[in-house]
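Labels for the chains are A, B and C, by order of writing; each one numbers its residues from 1.
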């Protein structure tokens, strides 16, 4: 190995730069031979330095993944360079579903349907195909799924975590009181 | 269909049109309007969408009936159902504010990622053996999933629920009405009850349910004769 | 414009990050609306900060081109990441995607996503990097791409054409009847 004196934060920056896509914290830890706590701390440090006016990058940090991206403030400048066509139009129904998943996710389809009052199977599928919502197995219920917004969604919103959405706390606690105990009845 | 929101949106709209708060009494107030709207919906949207409206209509009818017949104490389950619709509508209204937030932020400040492993020299990187039989196994499953998807799109799955829901709703109405219509005919609210049932009747006609139709209308007729 | 207070150096960092390849100073100047001298100075400043032990990137500045790359001290780490990615076993999701491309290719991403019900941009990129799938311009749709498996992959499986896959005819015609007209609706 010839890492010279480059520290863990530097190593993580290089990994995220090469990988491009969201990468799991576990893989970062294994590559750097650090533990996940050390990786999380280094990421916090990196995130902090990226606030600087001289830095053009930002970090999106999810529950177990992280991605290096351009700073949202530089959106207009960078968009001129990116060839990919962004799928930006949201229908009212898509917007409604995304709002629920963003503020209340990860949550089950039953919760989303409970709040919207409509069957959401197709809308969720549509949002998954667009890469704005993803689902994973529900740890609470075998065979069930829970839905959450993706890094791509957050990158479109100019935030680096759902928690940064305005009024995030208010909606989650509101939903907690109102839904509590009822969702199973659906 | 993608632009079509749903029953709670409509309900909220009716409440807000009259500049009312979300209370149980005010929900009763807009019930007839809601049913009239659902009755007209039949031809315009699919069964799946109508079904979503019928579910909410059922809860509204419950609320309305108790508003009209205050001496009938709601069962525990009914009480829960009524409170639930109120709570859901409040949450829905709150989230509509969140929706505005997302709509405003969406696409304004976008962050961009970098291409995955952009510097890799071209080559063939596969360390395990992949066989045609393996792919055959996958394509079989995928084709099965595709068939299911088509069925879902045709609405077969949801149709069953719609029929059940309407049956349940009518059973409930029939029970309540028979039990209390004589009482009610003495009261002043009778015309309102009639409007409600007429709207419901329309709704049923338009949803075009074949299986239980005769039985369902028989129920309705009993109610109608009494009125 | 909403560049906030991010300065020229930040802007350049973001540009070099998304661009990936060497980019001419002239283009950087035109994008940032600065002159080439200002760009050169900002690049010098950026290069200087990258010496820091916390930084994992480096700048390669040529006569009139510049590129952002990983720090040379971290080359072992980067090769380890790349090797790991390319050596890793195909996931069920990857095999599923590969199967669709093999049986139905050449086909659009929309068809693949319609069948899988999730966004496949990253998965296809992954399979392309590994040389299992290739893409070319869609003759039916300007700016669009169609995907097919590579000859190397067919050879690996011991067939000379996708048509030799078990029940090839059956599944291609089935897909034709089931998907027809639907893929655009997504």
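Odds and ends about this structure:
Heads up, the rule we're going with is that a contact is a pair of C-beta atoms (placed from the backbone, for glycine too) under 8 Å apart; a residue touches a chain by one contact, two chains touch by 3 or more.
Keep in mind it's a predicted model, so treat the numbers as computed, not measured.
Closest to the protein's overall CA centre, chain by chain, comes A.
Note: the chain lying farthest from chain B is C, by mean C-alpha position. Looking at which of B-C and A-B shares more C-beta pairs in contact, the answer is the pair A-B. Centre-to-centre, using mean CA coordinates, chain A is 20 Å away from chain C. Per-chain CA centroids place chain B at a distance of 42 Å from chain C.
Between chain A and chain B the centroid-to-centroid distance comes to 30 Å (mean Cα coordinates, whole Å).
Of all residues in chain B, those that touch two or more other chains are 108-109, 112-119.
Looking at chain A, one finds that residues 17-19, 21, 68, 70-71, 73, 75, 78, 82, 126 touch two or more other chains.
Those residues of chain A lying in contact with chain C across their complex are 1-7, 9-15, 17-19, 21, 27, 31-32, 45-46, 49, 52-57, 68, 70-71, 73-78, 80-82, 85, 125-126, 128-131, 134, 152.
The touching residues of chain B, when paired with chain A in their complex, are 2-9, 48-49, 51-52, 55-56, 80, 84, 87-88, 90-92, 94-95, 97-99, 101-103, 105-119, 152-153, 158. Considering their complex, residues 2, 17-18, 20-21, 82, 85-87, 89-90, 95-96, 98-100, 102-103, 115-117, 122, 125-126, 129-132, 150, 152-153, 156-159, 164-167, 171, 174-175, 178-179 of chain C touch chain B. Interface residues of chain B facing chain C in the complex, by the touch rule stated above, are 108-109, 112-120, 122-136, 138-139, 142-143, 145-147, 149-150.
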